[in-house]
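Read through the structures below before going on.
Next, two complexes with chain A in common: one pairs it with chain B, the other with chain C.
Up next is the complex of A and B:
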């Protein structure tokens, strides 16, 4: 009897011990081994980034030349004003613009510079005097009677960051405050053209905000300009459909070095560029041009241009090693049978450049060579293509593609042409403003959606390198926003570029793939055959022990009574 | 009729306006999820859609084609290097201009999801990537064997509708598409688009939940079914579309009614922002580019240019090309002397077996007569 009792006791202890081991050791072990490795991510900082609050600070310097202010007014200058504008775009996006305007009178040397015969020379001598910081705007106010600008021109925007504004400031006893308040809207118009306008920033944020708020011109510009990317590939192709008649020579390397490379070097803060070129033989346009008797030439009208690109694109190669967006610039020399070939626009007028472009893809120019040889020439004719004319068109198209050129300036404005570098400083500033904002917005959306994704799907492994990328993206983003607030445009752009690189690398890391979707019923189906056979004896024996204890207690109680 | 002319003019100008669809480029992801000879029709489905999409203008660099690609050179194919989509072998959709990006065992759920979300290893070449941006319209076409809520990939794995919906949501988060058209031709196809929740997706399926999609017609010479019904009628519809066509999505929804398809095709447009009536077929199947005239040119001085010395190439005699295919030689050629090879394994094995059986039956004592 005692032996049975000890046996039962040992049995009870065994069951309890097994249950204890299962619960204390087994369950934590199973939990630990089936969990996925997830490195720590700064979720709180990422949530802060979700609501984008950008402050853009512009430094404006307004220089009043002689003749614009009366002597008493001149005494109160120099002074500085700060103007802030706040726009609440939607629940999560707030934009604040801060214009710090400093008014001062012109120095003797600047007066001399402004006395030059033409605006161009004035501009040239003005920027020999001083260098203005990236992102700032300097406006020189010249009196209404000045002959520096032609009669109908109110503003002349130079190649650097200066503009000449002809203002009608009323004489008399008006105080400085009134004078400056009449000047303010005109200066604002100049600053909007030279740095950024609200529409430009909205268009740069088009990822985050819905379409309705952006004006049509800005939307067209944002659809035409290629998206912000760390690098671009530019390909120049010469299409020769008729090598038997034309033997074409083009000095593409020299042309790129002299005309395109200065622009690309200047755009270095924005992105990296790689340029290549190719010649394609027997490549035809997909559309048959029609012969127009009135000009005795072949014409392509604007409606058929859309179908030209696709058959050609199948032939164009691209650099397989990089995933950067490609901009193609094609030079098509028509075959001898279909020369000359002109492009007509929608109103059937001739186009001087004889070229067209497609947004985010590139441009095509038709170069006629039929006037370079007579009918008695022996084929194939050697033809040297005049690269300056070609590059002029390609440069204009490249400026459009990269988002440098915007829609028409306001009336009364004259923008000085870009010069040898192909890009004015203020145009670069414009691009830098919109690119910084775009990069910051994209990087913050990427990081927040990545954090959301990782939070939602609990069986994605987060490696250490991803956590590191995310952290560096967050710090770069915070630095970029701070630099924008301080007004250091160059640093803001640099930080925003780093932020976007890090966030893209984190988001598109190949290891972040949740492959297996486990619906709950499948989870049960997997675990029940494993755990149920093991748990049944344990649970039953525990129940038996509990029953015995209850029985014993009932007996004790019965005994007591 | 004046009103009609005015309307027509208005419609054509509307079509050429910049903002009509908001996309600047087109991509297509065409996936055939089956392998093995008896799934010939799925490969023919995808290749026919591939051909239409190429004909309407999308270049190979913008098409990601995933095929098991084991039909054309299959041992059972009576016409090697061809895949036909019409009985009586009318239309060879394989040809010599097919660029398959993922073939054979590369067609997996993982690769498909990686292509969609962009999470490919850095060594992946450009042709295997979906490099779409926020202004791309993407056409996704899936075909194969499916069930309620899943699609089978190559008989070894499946993708569920939840995973697909999550992949599309990740694409939307990263703005990898402007609008998405999703077409699926499998059994119970409508279950695959039930779980979508990202905006700007339009989905079409060949059959509802609980219905099977049926194949169209067998070819007795090849011995298998050549196409599925839904894709067959879809192709008939696409044959009438040309790059300048104005047909819209409502016409696409009417393709293959129950009388022709036996299953009920379904579609889903609630996530799509635009009205399907204003969406052109060529917005997804073709690649009509927006084009602008270049009005200005930068004035460049040619001072930096030196006239290129026209290097006079020495006059060479007119070139004549070697006959690529010397037919005359081939016809009159003597048959090549084949070198002697010892009989291969099968023959040896067969004779060994025969000898063994003989000696087993009749006894080993005969062996000494042989050796």
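Up next is the complex of A and C:
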């Protein structure tokens, strides 16, 4: 009997041992071998980025020239003040603007510069004296009596980052505090013109926040401007639908070098640009222009312009060598039978530039050549296209597409028109502010949605390189936010561009798609024939052992009683 | 009979058309178009379009980027400069060129897609460039070129020399791939037409209506880009973009059996004008076999004849110059009509080749390549290139080359063995073909088993093996024209000629269709279920053996005794 009992005991131990091997060895082995590889991602940092708290710091330097302060007041300068503004946009977005204003008196060299005969020369010589940092603003306060500015002009905004502000002479009795507090609203107005405005920043964030909060104009501006991208391809196309009649020549290379390239060089910190051009023959517009007897010309109405682009676009061809967004500028020379051709706006008036643009796509200009030759001309007629006329239109459209807004100056302000580059330093700064904010917003949205996606679908393999891209995007984002906070605009833009690149690369990595569609039911169909016959005996014998133990305990209890 | 040079021979071909006004600047680019119609002896008709754009620029110039395009298509120019391409040849072909019936083609091409590219020797990562280039070209031509990867790319050591300038010999910068299965259709023709300066709106390209072009026995379209000499001194280079389209219209399907051809019947269009951008626009009709008009009637007749030496043969052509108003006559339209009157025999082409798979079963097989030298008394060497996918494992020791029942030892063999799932076999040989002979090259192979995800969606159709390529300098009957810059018809200047006594020919064999052992594709699930069952059964008995308790049982009565007892009980006899 004892032998049977030991035999039974051995059986029990064997069953327990097998169950233990299956649980300790088998299940971890199966788990390990069928697991999808998921590299570690900085989820907590990504969650922090989800709620965007941006602080934008601007350094404002206010230089008080001789004659604006009394000697006692001058003794207390230099001093600095900080002004902060906070805007809670929505639950996840907080904007904080911090203006650090430093007051100081002008140096002797600056005084000399301010004594130049005209404001323009003063601006230039002030620029020679000191290079102000990207994103900062310098305001020179000049006395009421100064002859630099015409009488009705209060503020002159130069080509760089300096402005001249005319202020009334302060009475010697007033304390410096009062002087500065009377000065402050005027300085603020100058800074708002030369640096970012709240509406610009809201427009840059338009993807994140509800539309109602952004003013209509700045929303239209931001929707017209092409999305922020690390590079752009600009393509000029000359459409010649009638090479039999017109042999067109355009000096596009020279025109690009003299009109477009200076602006692009100036915009170099924002993105890389590449320019090319082509001539397309027999390319026609999508709509048939209507002949208008009253002006004996063909006309295109504003509401039919929407149909013009599509058939042309098939011929334009995409850029084979890069995947950057393309800005198209088309110069359309109507064929001899359909000349001249004019574009009319909604109120049926001819548009002087004879051009229109399509938001985020590019511009089209119609160039009539019918008056360049007489009826007796021998076909094909050689025609040289006047590039200055064409490039003037295209340059204006390009500025719109790139989001370089025309600033509406408050009354009493004079904005110095920008030189050959077509863009003043402070205008570039404004663009850089909104581009940095836009980049940061886009990159953080991309990264958070990627993290969300990876979190939700546990089947996706996360490779090491994706994890690396994600964490470099996160570090760049954090660096960009920190640089904005520190007021280093150039670095902030740089980091935000890196962040956007890395986040896009991680988001569109093809390896994320591999195992996405492996359904669970197929997995179970494969596992059941193996697991069912293996687990049933183990479970049954475990149950049996448990039953026996319970039985024995009950017996023992009964015996004790 | 009068032979006239159709055009002034002193005008070099790159010169732009004389501008009407003196103010016009001389343009750096020019284009030409031409159509060659050759009546074939089978009654079929061969039409070959060639469009050439020459551009005096330098894509490979360091530093300065070429970005302003006029006649040269921007998409191709960007590809050339981005990937530092020195020479690019791409062809899409539907159908197989029947050399024995049709003679040598003007521009040879294998069935399916073929792409070969010479990269500039400054390229560091040739494979990376090649991969990206195939993807970009796949987008430009709407073709499956993105399926080109390392398993079907080879680097031929001798067969594909650059056709343009430069003696590149380092085949590290060469990549060659074919996709024999590629189906060519309208969606490939449309982007190809878009590259032409006049599109399909004017000039010869108006004839290209896809419903007619693809209703033919053979259709091949190609793009060749190469640097060429700008002038006879070759002091500077120009880029040449040559777009060719070759069609063979079948006598019975397109011509309804009537031996009468016209432009309208072939293309359902007639010609009305030249492309205004082209400096020359011509139609050539091959009338070599028809000097007295006994073979066919050609109307409208033209007195302008041109002779050119093409593929070792002096041929005569009727020329129709579309830039001249007289060509179109009173109807303002040109509709060439060919009416056949008699029959004639064709000279057999000097070199042709065929190929087939022999053997039975699904384990081994043998590839036979037959190369015919029909020259009556001259022997000449040919280069044979075979690129075989890795899943056919070639037994290179079984390679035999025999001509006239005697072994013919190749004087040069370059063999690169395959690597599974990485690269194909590459076999290149220089074989001397004796005069008037058939040379047979055989090699045995074993079919590999693929992984189940590596099979194509219809694996029972078989797997394609690309055409063999035979490149040869064939002795010429007439002196070849070695001056490559002199003006002559485009179709005669595709392969540069280096010497007068021979001409270059490339012959493609048929692609092979090989059956591989194909599994039943529900097999993996069956295998999983079966192995699971076996494991479960084995495991069950093992488990039983380990956990069961064994007891010694009382030995029971033997079976005989028990049976006896049953019977005894029935009988009422006492038990044993």
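Following the convention adopted for this analysis, the second predicted complex is superposed on the first by the 406 of 561 C-alpha atoms of A that agree within 3 Å, B and C clash if a C-alpha of one lies under 4 Å from a C-alpha of the other, contacts with A are read in each partner's own complex, and residues count from 1 in each chain.
We adopt the following convention: a contact is a pair of C-beta atoms (placed from the backbone, for glycine too) under 8 Å apart; a residue touches a chain by one contact, two chains touch by 3 or more.
As the structure is a prediction and not an experimental result, all values here were calculated from the model.
Using the contact criterion defined above for the overlaid structures, shared-chain residue A:533 touches chain C, although it does not reach chain B.
Shared-chain residue A:382: touches chain B and chain C both.
Contacts of A:178 after superposition: neither chain B nor chain C is touched.
Comparing chain C and chain B on the residues of chain A they touch gives the larger count to B.
Of the two partner chains placed by the overlay, only chain C lies in contact with A:18; chain B stays clear of it. Of the two partner chains placed by the overlay, neither chain B nor chain C lies in contact with A:86. Of the two partner chains placed by superposition, chain B and chain C are both touched by A:249. Overlaid on A, the two complexes show chain B and chain C touching the same residues of chain A, namely 249, 318-322, 382.
By the touch criterion given at the top, residues 19-21, 23-25, 65, 67-71, 73-76, 78-79, 81-82, 136, 139-140, 194, 197-199, 201-202, 273, 276-277, 525, 528-529, 532-533, 535-537, 539-540, 543-544, 546-551 of chain C touch chain A in their complex. Residues 207, 211, 216, 219-220, 223-224, 227, 249, 251, 254-255, 258-259, 302-303, 305-307, 309-310, 313-314, 318-323, 325, 343, 345, 351-353, 355-361, 363, 365, 382, 384, 386-389, 391-393, 395-397, 399-400, 417-418, 422, 445-446, 449, 452-453, 457, 507-510, 512-515, 517, 519 of chain A are the ones that touch chain B when the two sit in their complex. Those residues of chain B whose C-beta lies close enough to touch chain A in the complex are 16, 18-19, 22, 24-25, 57-61, 109-110, 113-114, 117-121, 125-127, 129, 131, 133-135, 160, 162-163, 166, 170, 173-175, 243-244, 287-302, 304-308, 310.
Listed in rising order, the residues of chain A touching chain C in the complex are 4, 7-8, 10-12, 14-15, 18, 235, 243-244, 247, 249, 252-253, 274-279, 281-282, 315, 317-322, 378, 380, 382, 525-526, 529-530, 532-534, 537-538, 541.
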